[in-house]
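There's a structure below that I have some questions on.
In this document, chain identifiers A, B, C, D, E and F correspond to the written order of the chains, with residue numbering beginning at 1 in each.
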């Protein structure tokens, strides 16, 4: 097949949507959509840092990625019920954290942690790249919130923008931003995380039961880099508007009781 | 304080919203909102039944409830990362399942399972009662879907509607549908699950460091029953419209690969 | 069937027995029997409180419920071997703890914890209500012990007595204190925790594949309340006698070695 | 100190008590007491054998040992809550199973399993040896029950009696059947499992921060062997009486519901 | 610093050693050394395939990577004791499996599994790339063993050779095959898996708190590709010799007993 | 069969080999071989002691034993993947720790811990006794290292040598140092841990589906004791040479990154 099922050009992104202030409690809360892939990305501020970092004076940024059981074509088991986090989940969580740490000066936070949560509400391919792209916006809002609260040593700790996109070889052609239907039969699959200052943060290319030539790698990088440029524009536009949501309030004095209900 | 922080009358529900077809993959998918409490409730159809029920010819309905880490005022730890499901989560999952099994003739399903997932996107009190109320609508859509697919032995396996609401004693007054701010300081807390044919499914009343008179129990039941009547009307209205979402498609032939991404 | 298998009247308790000082190490140790249901209930005093309560100056009371594998008709798997506590176990543990916290002024303990253990030696229905009824007596003995040791800020921290009983609809009739044979086929099942000053602590009524009218709820509450009155009398009689067991001794200086053997 | 705290001679057992029919559901149920050490030992019959033994035509015998949290001087954590079985528990469970498998012809059971449970109600040293001694009696009762039900290929599958006792070096003297007070400061600690036909099943001797001469090992074996002879007599006397308990009944037809309550 | 601590040129591999027949039981067993990094790589043949692949007629290849606790500079905790496999371990296990599946025609195995184990005896950087390079040789030996046993549908199921090497930017220079001392301070870190027919299998490049230019990526790929060419020559030389170890024997008829001891 | 498969006399050890300095990072690192059984035994020094020992001024010694998955005739599952340590592993880990604590004055270490790791690379019977014998040598090297670093309060904290050997009854004959082929069909199986000053540390004898006479126990002890004497000579010879390995260096200043790779 030489045309894509959804009619896009090979180098065309799916419709991208970024909704800020999607929920009220976190310092940053974004719903990001890459076509039918929908991820809720939040940035919460937590006091303190992990044990190995205490006393350093530096902050930390950590990330957790997860798919809701009903987000996939066929319902998948809940990891909390199975009692362990699967390898793929771990791997993506680590990727999201590394990607966002590349753009932030953690010393500005003092010994505080920004916890990024990327929860996939609906999966249709590219959930990890959508997560990174949306989480950057949630992070930017959290930084604004912290700065307004006078909690930053440096008001501009973000040195660049971060976005990510998938690219792959499907039907023998290099295609950008694969939906599940293409991803599930791609010969090569690559995820690229880039900065808006022209550099790369992470490149992960994998032959799926196939191998690939160096020239194919180059073509995939070209396509992904161009896709990221479009994503940076969308992020900037989204962030240009005033914060649409409710700013998080200090928690009410806790009474020993399960939260929320 | 004799008036409620949000200005409601003691016997008044928060604004209730039910959005069907919220996501595409499950047979039923609902976003339910009780004020700022927002829960995504889905009903997925799975082949087969748990081991203990095999060979019975009967179907099963199971439910899992969970809160997203960022759904609470202060971010809470992810149960999959801790490696176990907490007691409160277990308890609510069991409650949701029991509540919905009260309205369905499981023999109509054959040996298939309906898996209900209630994932709390934003918590502001009453998440378990919102979950039951929303999950009933997702269940109704899943039943319609199964019937259209010719997979039901009895086209009307739902014998009644199910809704639930919380009620409590706050500031010495019986109040309906408590938000977190009231729930966290309630002296008595009750959850009532009722049917639209005038009966009760579940009544759980708890003194929170206090005890309560039988007459208080009666007043709470009166209030909750009236609240459920309003919820039944809202459910009926929501279900009267044609299905707004994309009907789930059969999964593409699986290739061994992590789903969705 | 209009008469009960064991010949009791519908509103009649099974033979109830409370044996204090059943074992020697805990501050309170009770064997409670509701017919053939037998539960060992102990109250142990532990220094310190959970992390979230430290620095409050207040004590805590926690409870754990479990069934021995051989306590049931058919041997059930050991939760320690499965590596997790089941939902039902969690739910009952939480119920027992809440019920007993309703009667105690935790500030009298200082930052110490009373750990209640309810281990079911033989199960024949009503294990959770027997647990609460027996645990209250173990708690009362532990309080006496603490007071004698001069470790209470207030010598009378118990504000009331606590007892619990099950009630249900079986064969269309409201019946009190269900054994397994009735419980397993009950249409409605309710557990009521009450105080000896005429108030309620917890009411949990559940339709088991059925629903129930408000009038049925009222009849069940009447029966359960009357049953609790009888249990209070039995508790008072049991506590009127001098402590029959060995008072716990301070532990011998520990050597690093597995205890007990 | 040259005399024992409890006044016994060095080669004297504590008072031993064996109560058959202690609970009703298992095929064999024994309360065994070695002084203040009290263990509930049950033998339950389960259909089938572990996977690795299927198709062999042979039965199996397995054992699980556990201490109730309140059984020790200082309350110990519950292994089900910690989510794993500790090394000591595992080790003793394996010992009890091996010890009892030494006396039984497993081919007589067909592909069925006898599950031994040893739950320590009160620990005062020697819990593993009391467990083996009591479990043998529960096993003998289960065998009688199976034979009466016509479920044995060979009506006498037990080839000998099994008992066990601890012995150690305390205060420089070889002493039999150590209570916790002696066990916790013993220099050498040994557990001996023997048969009533004059042979040994298991010998486990351990220097506790000390080492021991071969002659000490010999003296400990002499003492333990003599102790076991007395235990065999007590077992025989206990088993000579008719079964005092209720014989287990076939389980009522199960309804899907948590057992017992 | 413009020279490397160990005196190597920037594009020079550490001394590489491949020892076949390192242990006797697996079908392939290799000790691979990249300088002081030492990994034991084995390929075991197991009957059957994972559940999701049953009935396909196809085989499977899976891999597990782990570090011995004492393999690192500072002893690290044992994952079996912690009760879960860490994210890094999961990620590398998945990488090794994907890499080797790129070279094998799994249909030749029938429904059997090759289990690759990579256990790091000593870690000094590059353990994942050494693992892949060594595991390929163990896999080749296992294939020879299976072919000699007449268990392959196709005697040549390996379509190419596989090797991997790390490369990074240290002190501003692109350097090949980083030891821990360089890896721990690298600005960019990349792992490349390649085939001996000139294609790529996997490319994973990560900025470590830094980002990198596309030209740097190109330079790293050049260096890694050249490094892999040398590794292919070493693999071929190692495989040219006759098998030096003991060929695995069929297991003795099992008696139920812990293996090996 | 009256001669052994490998041609040894009944009281003859397999060829024993002890390689010191087997890996570089731990303070002591030994490869011990009893015939084809090969175990890597390391002794690592860790700051601090377990919580229950803090403030005592005393050190601690702990041990962990594990088998690599590919070490057995048939590959065995990885305990980290299963998420729990099996009973046999726990039991042997505890045995190794107890055995080595018998020879060391822990007060000399200050509040530091020596962590012994015994990882079985190849299993052919006697892995636990080989582990103890090899770990003693690793411990001796770690002590020398600590003394050289001026970190011991007493330069000679080891009071004796420790070795261990298995013995059993096979084909009706008492035989020393059983390989898997004999161990798997032994009627009686015993492990003896002894000191080089003529005393015993641990004696564990088990009838494997059989029982044994006291005279057999004596014969097994005679054989094991003689075997240990030979092992002490081999240990002494191994330790007489200068340390052949690289002494561990202080770890480089850590950067937050996974170790080793």
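The rule is simple: a residue touches a chain if its C-beta (ideal position, glycine included) is under 8 Å from a C-beta of that chain, and two chains touch if they have at least 3 such contacts.
Computed from a predicted model, the values in this text were never measured in an experiment.
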* Steps in the shortest chain-to-chain touch route ending at chain D and beginning at chain C -> 1
* Asked: Out of D-F and A-B, which chain pair has the most contact pairs?
  -> A-B
* Structure fact -> Superposing the Cα trace of chain D on that of its twin chain E calls for a rotation in degrees, to the nearest 5, of 120
* **Farthest chain (mean CA position) relative to chain E** => C
* Asked: For chain E and chain F, what's the span in angstrom between their mean Cα positions?
  -> 30
* Structure fact -> chain B to chain D, mean C-alpha position gap in Å, rounds to 49
* Structure fact -> Expected list for chain A, residues touching two or more other chains, is 83-85, 88
* Asked: What part of chain B is in contact with chain C in the complex they form?
  -> 84-88, 90-91, 93-94, 98, 101-102, 160, 195, 197-207, 209-214, 217, 221, 225
* **Interfacial residue positions of chain A with respect to chain B in the complex** => 23-26, 29, 36-38, 40, 42, 44, 46, 64, 66-76, 78-85, 88-89, 92, 115, 117, 119-128, 166, 180-181, 183-185, 208, 248-249, 251-252, 254-255, 257-261
